[in-house]
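Below, chain A partners chain B and then partners chain C, in two separate complexes.
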Partner chain A sequence: MTKKKTKKISLTNEFVFEIVKTLISILIALGLTFVVIVLLSDNPIELFTKLLTAPVTKVRYFGNVIEMMIPIAFSGLAVSLLFRTGLFNLGIEGIYFIGGVVTAAVACTAIDSYVLHPILSILIPAIVGGLLMLIPGFLKAKFNANELVVSLMLNSIYLGLGLFIIKNYLRGIDTSAIASPAFQETAMLDYIIPNTRITISFFLLLIAVFLVYLLLYKTRLGYSIRMTGTNMKFALYSGMNAFTLFMLVHFISGFLGGIGTSVELLSLYGRFTWIVLPGLGFNGALMAMLGRNNPVGVLISAFFISYLAKGAEVMALGSDVPVEIMAIIQAVLVLLVSSQYFLRKWRERQLLKEGTANELS
Partner chain B sequence: MNLADFFASVLTTSFVFVIIRVAVPLVCASLSAYTAGISGMNNIAVEGIMLMAALMAVLGSYWTQSAWLGLLIAILTGIVMALMIALFSMRLGANPILVGIALNTFATSFSIFLLYLFTKNKGSSASLASKILPTVDIPIIKDIPFIGDIISGHYVITYLVVLAMIVIYLLIYKTPLGLRIKAAGLDQEAARSVGVNVNRVRIISLIISGLIGALGGAYITMGYMSVFVKNIISGRGWIGIAVAGMAGSSFPILIITTMLFSIFQAVTNIFLLYNLPSELINTIPYVAVLVGIIIFSITETRKRKKGELD
Partner chain C sequence: MSDTILKLDNITKIYGNGVVANKNVSIDLKKGEIHSIVGENGAGKSTLMKIIFGIENASSGTITYKGKEVHFSNSMEAIHAGIGMVHQHFMLIPSFTVVQSIILGMEPIKHGIFIDMKKALSQTKELAKKYNFDIDVTKKIADLSVGEKQKVEILKTLYRDAEVIILDEPTSVLTPQETVNLFNELRKFKDMGHTIVFISHKLNEVKQISDRITIMRNGESRGTYNNADITIEKMTDLIIDRDLITDYSHLRKDYENVSTVLKVDNLSIERKTRFILKDVSFALKRGEILGVAGVQGNGQAELVRCITGLMEQTHGKILLADNDISKDSIKQRRVKGIAYIPEDRMGDGIAEQASVSDNIISTYYDRKDINSRFFMLNKKIVAEADRLIKKFSIKTQSSKTKIGSLSGGNIQKVVVAREYNTAPSCMIAEQPTHGIDIGSAEFIHTQLIDMRNKGAGILLVSADLSEVMNLSDRIVVFYEGEIVGYFKSVKGVTENELGLYMLGVKRQTPEELGGALND
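Let's turn to the complex of A and B:
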């Protein structure tokens, strides 16, 4: 009797319930996508299979998945820390842009070392990113300025400032496009897996996930972050100075953003070519939501979304269904996963049933 | 740059006309963010609502071959999107800001998705014969020198937006419903305790928010321009959110700030003609809002501190 009880997967367990909820959300999102494909195409089964399986058919495709995952996982980590503290700051988008310009500045400088140059090209943008995030952090901590609005304004300002720097001080003369000169060969990160463009940045990401996990769950700062996120007033009573807390969170977030943008450019680009905001920071916000602001969750979400994005890309080749179908999958998923009450009634019924069963036995 | 030239181009009727032209979508964005925000239900999907409405205005007017039906379809799209915020945040318990972020990213890609389906082109709707809304010459007024040149001859939506501005002002400040909306935004528990149906009030606010946002989106593709191109709203919705965030619950500050912003934008356009660094000049409006919000926050903090001391 007792054996049967423990074996039964109980929906009353919060963790199990969240997983079931996520799986159901995925099924709904994919189901909806399938319906759309059926409407648009003559061979829906083939296309849908491609969407789901294409990334594992070639090493190169799977490599692409990892390549796509890295920048949005970094920005997801950065945003998740902010969200977790209850700060709706979307500034990582701007940090990716201006951090990219800083990366270009360092990577174009001649530093004759294959070790020092990449380290500096990642570390300097990271520090600059952290410092720049202190602007909205300070305004929030000191004057309670609306961080969402401030960060959005800063995004546009960084875009203009970054383009100004590229055009006037960091313009590549060997190209007609608005872009920086090619990065020095010493700065570029090497591909470490054959047939892919995966670099050391993959391991940096894993380390970052681990460190953010430690920070959140094993340190006092992390405890303050989690508590403040559930109740802003906590920050005032927690003993940890709210000002210090906000500043630290913003700095770490910007630091992660700086790493994310630099490894992206040093792995895949070779020169700075963005002329609009890259969208990687906003995508990070979605990853943070999907991963419920948990570092491991963010990593899994970034992988999952990148996997589907690659699948959609392969599927779109030579078919009537554009790759933007990803928008439907992503939006439905994110919305359902962030809905606290989605399936809650069902869960409550289970709770009730279990409660009555316990009472009877 | 010659200063005299600059003033010569600023102090003309056509410049004021340009300010109004630039201001219309920004006013819509601000009003959209304001009406939702004041009820305590932040709508940060304004950008996405305007984008989808801009697209549906083009598609709708092409399908129906009527500019007015196109406008109607655009407005319905805006309302549906705003109601999504209501659905997910009120019924399903998601944070409205997160829903807004998701809707914005959705609109960015989904607009291209639809554009491609109907035009086989991911960049622009130029191949569709969509309709634009007519301009209006106001009789008598149009013959008044100076004033006639400024306020006559705009697109229909411009006058609709002025009307909407007045209606929203009256609604918020002069009607019981407006009082309820503000109450729901200030303290929903207190509002509930005196019998305000908070959810219903917020849904009404969101519907107005979606409607006015859509009007701004349709203006872009049915007046300001006559085609839809990728990312055509280019941040106007975000500006509206910033302005509304700065204005708080004050309608006059909202409108004044939006107009200041529009003037900045129009002046920026003139600066660009003088071969100044356009990238930096483009940031002037954003810097202005940023400075504005910093000053606003500092004075608010001072006020609060003073209040605590008293």
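Let's turn to the complex of A and C:
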């Protein structure tokens, strides 16, 4: 008998299963959202359609989606590297803030070059971000200090320090708000697509995703990151150097964070106006979780969440449904995607069917 | 014999990755019997036990317990129904003490709500004493050796006084004396009407303790036999379909350039109150296997950790081919030629979530032939992994399979294959055949001898005395952190005599012991 080799998509494949699981999680989250909309509004169908389709109805809206995606994708990449190494460090939030102040400092300085000024305004915060992340990195590597506690503390410190710098050394005199002076025109990134505010930062992001992917899955450093993340004792036994690794990972993470915050400010802001933590770093942790710490996964999650956020924003305009509906979607998604048990029973039944079928043939 | 207490009917188990681990297995367990289950690595023994214990669900088939069909959906339900299990890969909480682990879920209570720690402590101590298990019950699990953890698992299960007690390879890291004690207790349990399921790769143990024996092969049962009706040879035959080499002496070849590869010079580890290692000196030569015998916890583990760089000694030196490596990092030592098969395979030996190929290169992942300047060469790595999988007959779907889903013995083979593949000049082999089936153990033994013949020095640390006696050229015996016995040749040495040194009854003079360094 000749067996036909069909390469059919099989649920028993771990990878396919994860994707199916994610898709079903999304459907459930959307279903719940729909229920909430029905409860709150008289024309739920119209609103729900708006939620799902609004971002593609106008170039400007879709541009907004990309704009929202970029900073959380950068922080998602940064956080996912830390998570991968087994480090539950949320310090990217603080890096976004202090990195933003550094961006402001460079961008407000007169540098007479449309090439050099943006490069420096991105590169310097990136390097500073990397160096600052070495602090929790060192404390972890040398003293095994709890990285979560340390990073949250540092976030507060960077907030205070940043505000102090803005108020005392970098205060814009042309505004009554607590903010930096306007950035030099030379520092700002140009819009490259009409009707949107998308800048070169979009391409920087794609390059970053590609590089992080290469780093994680193709290089020796990535290999030791993955091994250390799954079993630290094993990595040590194998001869990997935890100290060097922790320092490197923290630096790269902070570097990515620095880029993320600077391109955000240089594309959309024009001056530094944050007076509280922007939340973009914490959002990165969410993207890392949703994207399973995989760089491409992070990118997709960031896009998806931004898409829904824009949809919710448009939908909320002039309707009874508040924009906070986004929070429900996010919470449900994170719960379902990270759940070990969700759909497992169902998968087992599929396996049995397939297994017995294989046995018989 | 009395009636059936637990009956498995046509159990089939297919795992998430499509592996068929059990195929239509039917076994009945009788009240008051000791029922052994034997079979090669990956035959499906642990899987079957996990199904009984409610950790895994059978894909099809039924379990009848005390006349009623049962479906345990987790181990708590099984425990409440009176079933206990000693797991092959321990399920202990690292931050708990031994006492806490043993009484977990069964805590003695005082004043209605408080845990009676005093009582717990005395009960646990008594329990350990009853089994002659020498173990400090106030220690944290994380600080225990594998052998000690094994004992905690056993005590924990026996403390619960279950009607059906499943022991999945409980003796793989016990010393012969500890095994004897355990067996005596098991027989008592049996006489009280308890049912015991015993899994082991050591067929002589199986022969000693069992009433009946079920043999598994490739997920299927090859029949249940009364102990009296089956010989060890027949069992071997059913398990691996061929005979075993029992004597390796004809495989040994003398290595020409005898020189010292590893020298341990007056090594001590001093802690506040006592010495963990005291003035340990010996030399390991190229082309020899030096056996280290001793009851676990007498300093052998620490010695190994000092040599491999996982721990630092307080005094003394370690020389590799005349170079002092005492201050070198783990990596540097490895690069200079040390390989290490660790006793704690799940903790040190592998990353459970990673693939077989990721695990099989971890100690030489930066080697030239599997790397280009910037990148690791995936194709070459897979080819290397596939070659080792074949050579060591590791049972896995592919090199990309998650290693955690392999059977215990197959995981051990990955670890051995990896260390073998570094072509070391000095191999530290700690319980190298821990949990490995008879056929594969023979293979690993011949590989070790082959390495020895080609000029590697092998330090063999094993709780399995017959392994030490079979493989070693010379033997040192450890007791309370010191070398107390040294044998220039294994000829004429009996297990009994070694036992006397291991228990600290006998001790040689310093002149005699000096041979370990100077011979």
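The working rule: the second predicted complex is superposed on the first by the 353 of 361 C-alpha atoms of A that agree within 3 Å, B and C clash if a C-alpha of one lies under 4 Å from a C-alpha of the other, contacts with A are read in each partner's own complex, and residues count from 1 in each chain.
The definition used in the following text is that contacts are C-beta pairs under 8 Å (C-beta built on N, C-alpha and C of every residue); 3 or more make two chains touch, one makes a residue touch a chain.
No experiment lies behind these values; they were computed from the predicted model shown.
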Completion exercise
So, after the overlay on chain A, do chain B and chain C clash or fit? They clash
Practice task
Determine, under the contact definition given at the top, whether A:Val334 touches first (chain B), second (chain C), both, or neither.
Solution key: first
Practice task
Return first, second, both or neither, reflecting whether A:Asp174 touches chain B, chain C, both chains, or no partner chain.
Solution key: neither
Fill in the blank from the handout: Winner on chain A touched-residue count between chain B and chain C: chain B
Handout entry: First, second, both or neither for A:Phe234, with chain B first and chain C second
Key = second
Practice task
Could you look at A:Leu90 and tell me whether it touches chain B, chain C, both or neither (first, second, both, neither)?
Solution key: first
Handout entry: Listed stretches 93-101, 129-137, 219-227 or 453-461 of chain C, narrowed to the one that overlaps chain B
Key = 93-101
Handout entry: On chain A, positions contacted by chain B and by chain C
Key = none
Practice task
Flag every residue of chain B that touches chain A in the complex, lowest number first.
Solution key: 44, 84, 88, 91-95, 97-99, 101-106, 108-110, 112-113, 116-117, 122, 231, 235, 238, 241-242, 245-246, 277, 279-280, 282-283, 286-287, 289-290, 293-294, 296-298, 300-301
Exercise for the section: Within their complex, state which residues of chain A touch chain C. Expected result: 12, 14, 214, 218-220, 223-224, 226-227, 230-231, 233-241, 347-348, 351-352, 354-356, 358-359
Handout entry: chain A partner contacts - residues on chain C that touch it in the complex
Key = 12, 14-18, 20, 23, 57, 59-60, 310, 329-331, 333-334, 340, 342, 347-354, 358, 362-363, 365-366, 371, 374-376, 378
Practice task
Quick one: which bits of chain A touch chain B in the complex? Just the residue numbers, please.
Solution key: 40, 88, 90, 139, 142-146, 148-150, 152-154, 156-157, 159-161, 163-164, 167-168, 276, 279, 282-283, 285-286, 289, 322, 324-328, 330-331, 334-336, 338-342, 344
